[in-house]
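Following this line, the structures themselves.
Note that chain A is present in both complexes that follow, paired respectively with chain B and with chain C.
Then we have the complex of A and B:
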């Protein structure tokens, strides 16, 4: 095997897979990247059995072949290579020669037959969406990190594709048991395929995929067998799906009796930040009291002291008291782009819904704390 | 060679497994029991290959879109040459997960990692197989964590546990597994394995086979250079045991502790010797050390039956405390003082 390839192509691809190849698994081969040379291109593949990546790049091919080589070391070698074109030659017995002449590395590779191939993508039916929209949805759902209880629905993000009013809506859901995040986007073109009723994709894998995502280019998505495929031109990421299903959540987001409280997003965030100054792990709740056009927020920490702040809101009716973890609130508000945010509060025991005043594509649900 | 054909002996267990395959019935969990070194893990791996061999199978490619667990087809004779069989044999298959004790026990972290892997759908296997070897070495935390999978096994997943003594496992685990007993191998079977698969000379193989108690694992340990000499020394010591002073016995104890790998066998021999003496007392002739029969009969006259039984109990207690992580030095000194 012998080929010459542009340095930048390889460096970009290798930097994308470092996360995949650095993970500890039962098999040593996962630390390797597989380079397959065919016709006029090279295929770069990495696989840790949870997340996989494959990309192809143009190359000047002298002879075809396949090698497996430590991804981290190859990246370090290639990254600081002083020339723009890199010559790679397989010598024998998995020995690989990188460069020639003044600079030359000889590395021992591994048997490429041990490498587990990525699941086949050929027959998958893809739908296309804007990668920036996808990225935004991921940011909005990934804010909730994996829960400790190892339940599949807290370890993964749920992806749905449904048809609503003749339009295709892609929805992502994430929860850790205390809160839930729902992000939606409407595709510009209707997808004529069966709906995806809900699959769970590992949060870690999604994180890996966002690193690989190139903004501005459309992305093709397919769910096939046990895997989710994300393809952008020449690069494909494969993430293994989780067993199990996302729990039924519609009861948690429909509260017809909820009081709608309109707050300024930025001011409210700043206020909550002030309130959380005095909170600690043992005393993290901030208490919201709603009474006659006023919202009072206070946090009490017997070890440090207490703080209190008052804002004018539009509220009529009985006094209402509810406590939340301020961090959850701050994170939710941080993802709302509207100037004003609507808080839907029903009672001290029911969840609070947070959404933008006009942008209904994002909803955050936070369970209250016991006072 | 792979598959069940390579497993010598164990016809009963393999028959039961083949019936499972033929009847398209996959239990949630299997528990293989029997002394170590008789092919429990090898059989488990072969069973995994039986379900995942991809050469010329009925269902397409890797079978991810295949039927649910209820009708996954296996075959009693995996080819051993397809990519799936090879990966399973080399321990590279992403869906055949092997868990063995780290150091002396299986800890909860290992089980948690397994839970994490099982939370995902299988990578490519028709039937994912998680093999927990020496499951009786699982501590109680790990055992309870494993119960979770046994209670709600994921789809298309089979759990195989291997253990020497099911009584050392949590009863809640044993009750959730289909148990399959593996028998010690016969002398001729062991000799056959030793000569054919490990190239050991027939004479030596026969000697070892008669001593290893039906375990290939043990037999291979015995094949270590110096083992036979060590055994001869041990036997010589046993022959003159009743004439040894306390100091000498303590010295012997120290020597035994110095090679921890042989400690188990040393305790065996101490026990077998007394067992043979008991046999002699009751006029039986089934000796473990038939070549020393005269010495045994002679020595037996110097002990009473209750003395011998007390000694055996003492050895048994030593083993028990050792497994409960007692101080080996103190235990050995204690034993040597008591085995007069």
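Then we have the complex of A and C:
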């Protein structure tokens, strides 16, 4: 095997897979990258059994072949290589030679037969969406990090594709058992395929995928054989699906009796940040009290002291007290782009819904704390 | 600083004396209190038995050889915790500053009580008389300017003693005593100090402090102070004590076990004991530890696991304990198992979002309420139904008459 490849192509690809190859696993082969040389391209593959990546890049091929080599070391070598084109030659017994002449590395690889191939993507039915829309949905759901390892629905992000009013809606949901985040977007073109009713994709894998994502380019998505495929031109990320189902969530997001409180998004965030100054592990809660036309927010920590603020709101009704973990609130508000946010509060025992005043593509549901 | 007056009160042969008071037929006879399990040792021996050389920790056959007519009494822990709690309450009539050191020992700071009661000796006289009249029990008391000396003093005369170490006769009294008499110097430390040629407390006090510091670090200064009879530590009443840092239970099994199924049953039982105590005091913890002692008594294994959020439901603790168990290949049958919850949070407030988890929390609460009323393990997991005795049978040194460290002893 012998080929010459553009340095930048390899550096980009190798930097994308560092996350996959650096995972602590019992198997050494997952720390390796597989390089396959065929016709006029090289294929770069990484696989940690949960998340995988494959990309192909043009190369000047002298002879075909396949090698497996430590991804971290290869990246470090190639990254600072002082020439734009890199020559790679397989010598024998998995030894490879990088560069020639003044600068030369000889590295021992592993048997490429030990490498587990990625699931096959052929015949999968892809649908296409704008990658920036996908990225935004991921940001809005990824905010809730993985929870209890016994429960798959807290480990994964749920992906759905449904048809609503003749339009295709893609939806992502995530939860840690105390709160839930829902983000959706409408595709510009209708997808004529069966709906995806809800699959769970590992949060860690989604995190790797966002690192690989090239902004601005459309992305093709397919769900096939217990894997989710995300493809952008020459690069594909594969994430194994989790077994299990996302809980039926519609009950938690419909509260017809909720009081709607309109607050300024930035001002409310700033206020909650001031409130959390006095919070500690044992005393986290921030208490919201609704009165006619005003709302007070206070936090009390017997070890430190207390803080209190008052804001004018448009509210008519009984007074009501609800406590929240301020961090959950701050994180939810941080993802709202509207100037004003609507808080839907029903009682101290029922979830609070948080959404933008006009943008209904994102909803956060937070369960209160006991007072 | 004003001279303090500290008492250390040590109940004499506590468990044995309680038994002798409960059953007049045992009075004046050599008796020994033992545990209920088949592999028990001597817990406490009465003074009559001690004359024959029967000691705490002896195997039963060994004690019988020393004293063939020794009467063995299976301990009734409830009797002891009950009596102990009442004695501690009596002590609080003389000062609020009572630090409970173990089930039969306490420190009292009576510096500010003398206006009411006169001299320290009178306080001791009144207290001893009350304990004797109410329970028929004797205790040894030390009076000294600090806790270290008070504890030394109470050890000097047993049973029913009263020893005073005044500020002026500290060195005369303690200098000739061996260093192992100091509370805090165990056999390990004793050996290390012996290597430096230090055998008595006086020698420790005179030893150059620099060398002690170089050899033992921060502890060096502390050792030096101990040698001089200096101890500034305050008597800390329970209400001022630091928050509890862990909740744990362990259990020596009736027989050594090896089968996973049997181990799991004990783990569930221990998890339930830990979980229930945590829930009773609204505490939850993020770290679960598992401890195993093997059949040979000396080798053991322990590991811990930190979860993503604090838990206190028995099931969650149990699941974490299983995960830990699955990481070890058992080398021998298991003699003792322990489960512990640490990294505690003292308020749990976040409500779960999903019905399923809320239902589970409600179910756990209902079980707890039933068990509060009808006794531990009345409503329990199906797999525990035919596993015989459940609950704590041993009084841990961390036992306290109230609060989270108060464990219901069977």
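By our rule, the second predicted complex is superposed on the first by the 370 of 371 C-alpha atoms of A that agree within 3 Å, B and C clash if a C-alpha of one lies under 4 Å from a C-alpha of the other, contacts with A are read in each partner's own complex, and residues count from 1 in each chain.
Convention: a contact is a pair of C-beta atoms (placed from the backbone, for glycine too) under 8 Å apart; a residue touches a chain by one contact, two chains touch by 3 or more.
All of these numbers come straight from a predicted model, not from anything done at the bench.
Enquirer: Fit or clash for chain B plus chain C once both are placed on chain A?
Expert: With chain A aligned, chain B runs into chain C, so clash.
Enquirer: Quick check for you: in the superposed arrangement, does A:367 touch first (chain B), second (chain C), both or neither?
Expert: second
Enquirer: Identify the partner contact of A:202: answer first if only chain B is touched, second if only chain C is, both if each is, neither if none is.
Expert: Touch status of A:202: first partner only.
Enquirer: Check the contacts made with chain A and report whether chain B or chain C touches more of its residues.
Expert: Result: the larger residue contact count on chain A belongs to C.
Enquirer: Check the residue A:241 against both partner chains and state whether it touches chain B (first), chain C (second), both, or neither.
Expert: The answer is first: A:241 touches chain B but not chain C.
Enquirer: Contacts for A:150 in the overlay, against chain B (first) and chain C (second): which applies, first, second, both or neither?
Expert: both
Enquirer: Does the superposition put A:27 against chain B (first), chain C (second), both, or neither?
Expert: The first partner, chain B, only.
Enquirer: Who does A:226 touch here: chain B (first), chain C (second), both, or neither?
Expert: first
Enquirer: Is A:175 touching anything from chain B or chain C once the two structures are fitted on A? First, second, both or neither.
Expert: After superposing on A, A:175 lies in contact with chain C but is clear of chain B.
Enquirer: Is A:50 in contact with chain B, with chain C, with both, or with neither (first, second, both, neither)?
Expert: After superposition on chain A, A:50 lies in contact with chain B alone.
Enquirer: For the combined three-chain arrangement, which segment of chain C clashes with chain B: 5-13, 275-283 or 293-301?
Expert: The overlap with chain B comes from chain C residues 293-301.
Enquirer: For chain A, which residues lie in the overlap of the chain B contacts and the chain C contacts?
Expert: Common to the two interfaces on chain A: residues 150.
Enquirer: Can you list the chain A residues touching chain C in their complex?
Expert: Interface residues on the chain A side: 146-150, 175-180, 247, 251-252, 281-285, 323, 325, 349, 351, 365, 367-371.
Enquirer: Show which residues of chain C lie in contact with chain A when the two form their complex.
Expert: Result: residues 307-309, 319, 345-357 of chain C touch chain A.
Enquirer: Mind listing the chain A positions that touch chain B in their complex?
Expert: Counting only chain A, the residues touching chain B are 26-27, 29, 49-50, 114, 116, 119-120, 150, 152, 155, 202, 225-226, 240-244.
Enquirer: Flag every residue of chain B that touches chain A in the complex, lowest number first.
Expert: Residues 61-62, 64-65, 87, 90-92, 94, 97-98, 112, 115-116, 118-124, 154-155 of chain B touch chain A in their complex.
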